[in-house]
Amino acid sequence: MMFQEVISTITDMAVNSGFANLDWRSLIMILISFVLIYLAVKKEYEPLLLLPIAFGMLLANLPVANLNSMADGSLLYYLYKGVKLGIYPPLIFLGIGTMTDFGPLIANPKSFLLGAAAQIGIFITFFGALALGFTGPEAASIGIIGGADGPTAIYVTSQLADHLLGSIAVAAYSYMALVPIIQPPIMKALTTKKERSVVMQQLRPVSKTERIIFPIMVTLVVCMLVPDAAPLVGMLMLGNLMRESGVVDRLVKTAQNELMNIITIFLGVTVGATATAETFLTPKTLMIIALGLIAFCIGTACGVLFGKLMYVATKGKVNPLIGSAGVSAVPMAARVSQKVGQAENPGNFLLMHAMGPNVAGVIGSAVAAGVLLSIFGK
Amino acid sequence: MMFQEVISTITDMAVNSGFANLDWRSLIMILISFVLIYLAVKKEYEPLLLLPIAFGMLLANLPVANLNSMADGSLLYYLYKGVKLGIYPPLIFLGIGTMTDFGPLIANPKSFLLGAAAQIGIFITFFGALALGFTGPEAASIGIIGGADGPTAIYVTSQLADHLLGSIAVAAYSYMALVPIIQPPIMKALTTKKERSVVMQQLRPVSKTERIIFPIMVTLVVCMLVPDAAPLVGMLMLGNLMRESGVVDRLVKTAQNELMNIITIFLGVTVGATATAETFLTPKTLMIIALGLIAFCIGTACGVLFGKLMYVATKGKVNPLIGSAGVSAVPMAARVSQKVGQAENPGNFLLMHAMGPNVAGVIGSAVAAGVLLSIFGK
Amino acid sequence: MMFQEVISTITDMAVNSGFANLDWRSLIMILISFVLIYLAVKKEYEPLLLLPIAFGMLLANLPVANLNSMADGSLLYYLYKGVKLGIYPPLIFLGIGTMTDFGPLIANPKSFLLGAAAQIGIFITFFGALALGFTGPEAASIGIIGGADGPTAIYVTSQLADHLLGSIAVAAYSYMALVPIIQPPIMKALTTKKERSVVMQQLRPVSKTERIIFPIMVTLVVCMLVPDAAPLVGMLMLGNLMRESGVVDRLVKTAQNELMNIITIFLGVTVGATATAETFLTPKTLMIIALGLIAFCIGTACGVLFGKLMYVATKGKVNPLIGSAGVSAVPMAARVSQKVGQAENPGNFLLMHAMGPNVAGVIGSAVAAGVLLSIFGK
Amino acid sequence: MDFGLALNVIVTGIIVVFLALILLILVMTAMGAVITRLTGSKKPEKQIEKSSPAPQAAAPAPVDASVQVESGIEEEVVAVIMAAVSAMQAESGEPGTFAVKSIRRSREARPAWSVAGLQQNTRPF
Amino acid sequence: MDFGLALNVIVTGIIVVFLALILLILVMTAMGAVITRLTGSKKPEKQIEKSSPAPQAAAPAPVDASVQVESGIEEEVVAVIMAAVSAMQAESGEPGTFAVKSIRRSREARPAWSVAGLQQNTRPF
Amino acid sequence: MDFGLALNVIVTGIIVVFLALILLILVMTAMGAVITRLTGSKKPEKQIEKSSPAPQAAAPAPVDASVQVESGIEEEVVAVIMAAVSAMQAESGEPGTFAVKSIRRSREARPAWSVAGLQQNTRPF
């Protein structure tokens, strides 16, 4: 009798164990998480976010454990609140602000134009997504992948279509890691040898006063024009103001290190843990991956083409290669501009010139995010 | 037709943009935030808190963006929960406890009297505020400015009258920064040359055992007498016990650095973001600023006068200048005592003697806060 | 008339003060908290947790102040949410994962058996607790003390029987500190001189690949078999994967320092503050303390006896002393194995061999916790 | 698919993004002009002097393999400094007259070519 | 305005604040006495010996411009040490017999005149 | 007391704990075998070479008081290294032919006998 009870309890546990409840869909998800862990660890694809995302995906798809971000009452459900309520991405932006040097952009404000041009990919991809049958909010979230800015993409998606959060985050961070592979062919195809060889004039020095006024002005202008961008842009600029003011170094240190790291872990794991089989293993994910790539390519192309326009307008003073840096993906895209330029002329140093459009691209995609949120948000 | 739609959307965005909705009141608030940023950055008025407060004020008054601490669902609304629920100020006190050396107070417990006397300003200002038409809870929050202790003032105000939080925080931190300007004339006016020249006896050394027992005793005595002071005093003393025990250094390091910095950022921005035009641009704010100054002055005067009493009682062994340090504003007020004393006699070193009343003032204002909370709290 | 009012207010405050409301039960609790502070500070019994726990107990028993973890609306009530909702212990495990070297376990997977054997104490103590009249969930929480793993004990108790949280946490951390006193007599009594003198073979080196695959495999196997262990084991292994991957060092640094320290402070204080007189001053607490000791002793004995079994099975290649390390209490228990072994043969170095069962014990008790949660949890 | 909505969003989006960033160009340019007028642009010039090494040697400008780089300063930064030097030469009209011989981290907290800023930006978020 | 309430709050408040801090004086004084009796006040004396530099030179006490201060130790702290020395002289009855020549940060973790504590207190919260 | 429940929990608990950890043994052993086959076990051998000091002196194996230990490396770690050396000697069949003379922290990030890991594990959580 007692022995029977033990047998029945063990049978019960066996029946309720993950092994008995492992369906092939969860298994595939687990295998996908392995691939992402591999990419993060061995290939070092944006590991700071991709490793937590991948592990979150693994946890979310362990059968029975119910450790996904949507499972009411679970650990990850509570940690996910910070994503759901739109708290983590602005705080990450606070940290990014403390780490960003807007000097090259202040020295050459025209770079803003390239940072704007590279966002065209967002809207064209939005159109493509709509055409493939996604709803408006979904299409907006997919388009924002083209902004090449992880926290912005996660912020928009969490507010508009959080069932796509896993796919969009994976696509965004993968393509950001692949920027050095995706961009160069496009850049070379769209420019002539002569254009790529342009040596740009040295940037003017920037005073401390300008550096302090810059974040305040950006907050004012952007938040007045696109109020929905305020949480992202406001925090980015608060971080930058703290950095440039030079009077709150202990806050800056914490914002760019511990606060950012804690939130990165929580954000990564819980964003990954939204990707259950039901939401991830659909044809939509494949479409999102394809559309994300298109978004990156169009963004790069628009940046370069606008760079060509500036090349013409300035009678050859602007090297169009810096246009591709406008997609953001700081500082990877700027480095790509530098490398492609140097391949043509070893004595040509475009890095600092490309940092202007690069950081302008961060502001640009936040503005684009604000526009999309104002149209599709609650 | 389609073109018309675009026009209408853009018109819509324009109509809903901040530029179209900027009223003069918000504009004034934004200008005030600029002034505060200037004071924090250029004048270094308590920048660790004033810079976040000022930026929070800027964000809160951007039209349409709705980024104030009272706007349900916004980023700052969630971060403000930590103020509203009374969580941040005690945690800041935890950090302050890990940074405070109560040695000079243990060596000379009579300093407690000066720390008590300087709190009289709180209650007299409370009376003044009441006379000017403020309600009881409002008057209590205004009086506590005289405690010269930021987190205490924010704690009391957040619990009793959080519509005044912006004004009171700005007043408290501004006057704390102005201590070196406000106090000396009062100190000189109330003391004779002979009194200011008193050289005090060396403090006795304090053993580790006393340092460890001190925070426990203070917790017991204060929390038993004034239970409403328990969150503040309890956390302050936990921090100090951790510090003096010497066995939990890794916790101490985090409590006084990263934890404190994270909370300072959140506290500053959200306290600043309570200051919308409706709550801030009222005659009340001007009255608060005037009353705050009065509170500081009376506190200083009472401290010095009580110091004179001790001078008489001890037959000239106590220098009354250390009385002004009882307002807290650690360690600024103690430095002021040192400087005014040294101006009279270059060989006179009052700093450590003034540190006693100075840290006693922190406990004193927490007690006063407890009294006010017990009378006016829910 | 007015004077009367003042008198009445002061009488009121006196009547409502802690002094007037101090009953002997609270007084005893305060004295107990003093003893615990003494043990933490002077005897250095796991001070990182015992000091906050003891201070939390002090705060919770200050009359009137109402600063216990169950008092709705108080500071500690809010901080306690992280315990109640099961958030803090997994995050502590994340940090432990970043600090744990599973190499010795990977090199000698048979150590897992010893890590399993030492958990038998949990279940036998569970039986004892049931026999003494505790309910099922209570008995499960008491048994888990035998796991010698603080966060696991707190996690299980907070989910199953949080009125016992104070007693169980104090017992768990006290006995962990006493491991060097509790274990050696048992180890010596159960082994022969010959067994204790066994010199074990060097462990094989472990490749980085194995170290990276290990946490993933453990997550898969354990969470599939015992889904309720997933939050603990998942976070432990995420931490370890982050550590071993070598690509997210900044996250590792924060997870093992600041994040862990912040949560340790909050966890300790609020767990201590669950121990009010009503819940702590009962005969149950004495029983828990007795049962906890029994759990430790049985765990140690089972580990050693299983070690003897392996000694026989391997024809004398395994030193049974490493079995006692299976209780976890990392790395104290492994050091005890080392010392007892060296006392017999000064040239015998068991430390690394004992680290295997030691870290296996952490996984073992998490599995046991999962079993108990799956049976008694909601 | 609502083609009207799509076009609407695309056009509005692109217009607003450009509008915002063009506005920023105007504001920053205006601010730069105001600051330059207020400060008489004296301070920046001094900064230039400080950050430019005095031309001494006569080797050709493109990268010299023998350049000594202090450990911890990345290749890129050298590239940037080289670029800066080249650019200044281009301005002064006498190209190819000197090369960077040795690079040491400057003591200045925030030079125009913010080396530290660059390295911090390198962290991938 | 409720004048009764006002006066009530003021008087109660001031009384309670003084009461609390006077109670603390009593408790701490009692504790100090107990500890001194228990330990025979041996330890503190030893501490004094350690922290007081042996009187050697014969320059006048007030600040000497040539005092060497280790970098990182603030002026204030020097002032404090000077004050301490002066005070001890005052006690010993022979004023003006030596001056501080050189100040180095003590190795002791927690001297009575807690230098580290002071510097930490400097952070403005 | 529900004796049935009690026994049920005990037996189930113990079985499941052993089951889980035995499963882990199988998985890890299998993994180890696969990895060894894939990599041809070349890398680990190299690591052994690196971490083993060349046998030089001829003093007896048990602890020599004159062993120089670099400050900051705990006694325990020395014990471990000693143990490792002893074990290797045991394997090579010629015991007692050398002693550790001097221990320095290795430059390697993650040696098999992870010194750093051990020291980190020392923190009591």
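When the chains are written out, they are named A, B, C, D, E and F in that same order, and each has its own residue count from 1.
Here, contacts are C-beta pairs under 8 Å (C-beta built on N, C-alpha and C of every residue); 3 or more make two chains touch, one makes a residue touch a chain.
What you see is a predicted model, and the numbers here were worked out from it, not measured in a lab.
Annotation of chain A and chain D: jointly contacted by B, touch as defined at the top. Among the remaining chains, those touching chain A and also chain E are B, C. Centroid analysis (C-alpha atoms only) places F farthest from chain B. Distance from the chain A centre to the chain B centre is 40 Å, each centre being the mean of its Cα atoms. Centre-to-centre, using mean CA coordinates, chain C is 54 Å away from chain D.
Here the spacing of chain C and chain F, counted between their Cα centres, is 24 Å.
Put simply, the C-alpha centre of chain B and that of chain D have 42 angstrom between them. Residue positions of chain C touching 2 or more other chains, listed in rising order: 9, 13, 48, 225-226, 246, 250, 258, 264, 371, 375.
Residue positions of chain F touching 2 or more other chains: 7, 9, 12, 16, 123.
Annotation, chain-chain contacts: A-B, A-C, A-D, A-F, B-C, B-D, B-E, C-E, C-F (touch as defined at the top). Of all the residues in chain E, the ones that touch chain C in their complex are 3-4, 7-9, 11-12, 15-16.
Contact residues on chain B toward chain E in their complex (touch as defined above): 46, 48-49, 92, 95-96, 99-101, 103, 106-107, 109-110, 112-113, 115-116, 119-120, 122-124, 126-127, 130-131, 133, 136, 140, 150-151, 176, 199-211, 213-214, 217-218, 221-222, 225-226, 246, 256, 260, 264, 330-332, 335, 338, 342, 346-352, 355, 360, 363-364, 367-368, 371-372, 375.
On the side of chain B, the complex with chain A involves touching residues 9, 13, 16-19, 22, 30, 34, 37, 40-41, 44, 47-48, 51-52, 55, 58-59, 62-67, 73-75, 78-79, 257-258, 261-262, 264-265, 269. The touching residues of chain A, when paired with chain F in their complex, are 1-2, 5-6, 9-10, 13. By the touch criterion given at the top, residues 1-2, 5-7, 9-10, 12-14, 16-25, 27-29, 31-32, 35, 39, 43-44, 47-48, 51, 61-63, 76, 79-80, 82-84, 86-88, 90-91, 109-110, 112-114, 117-118, 120-125 of chain D touch chain A in their complex.
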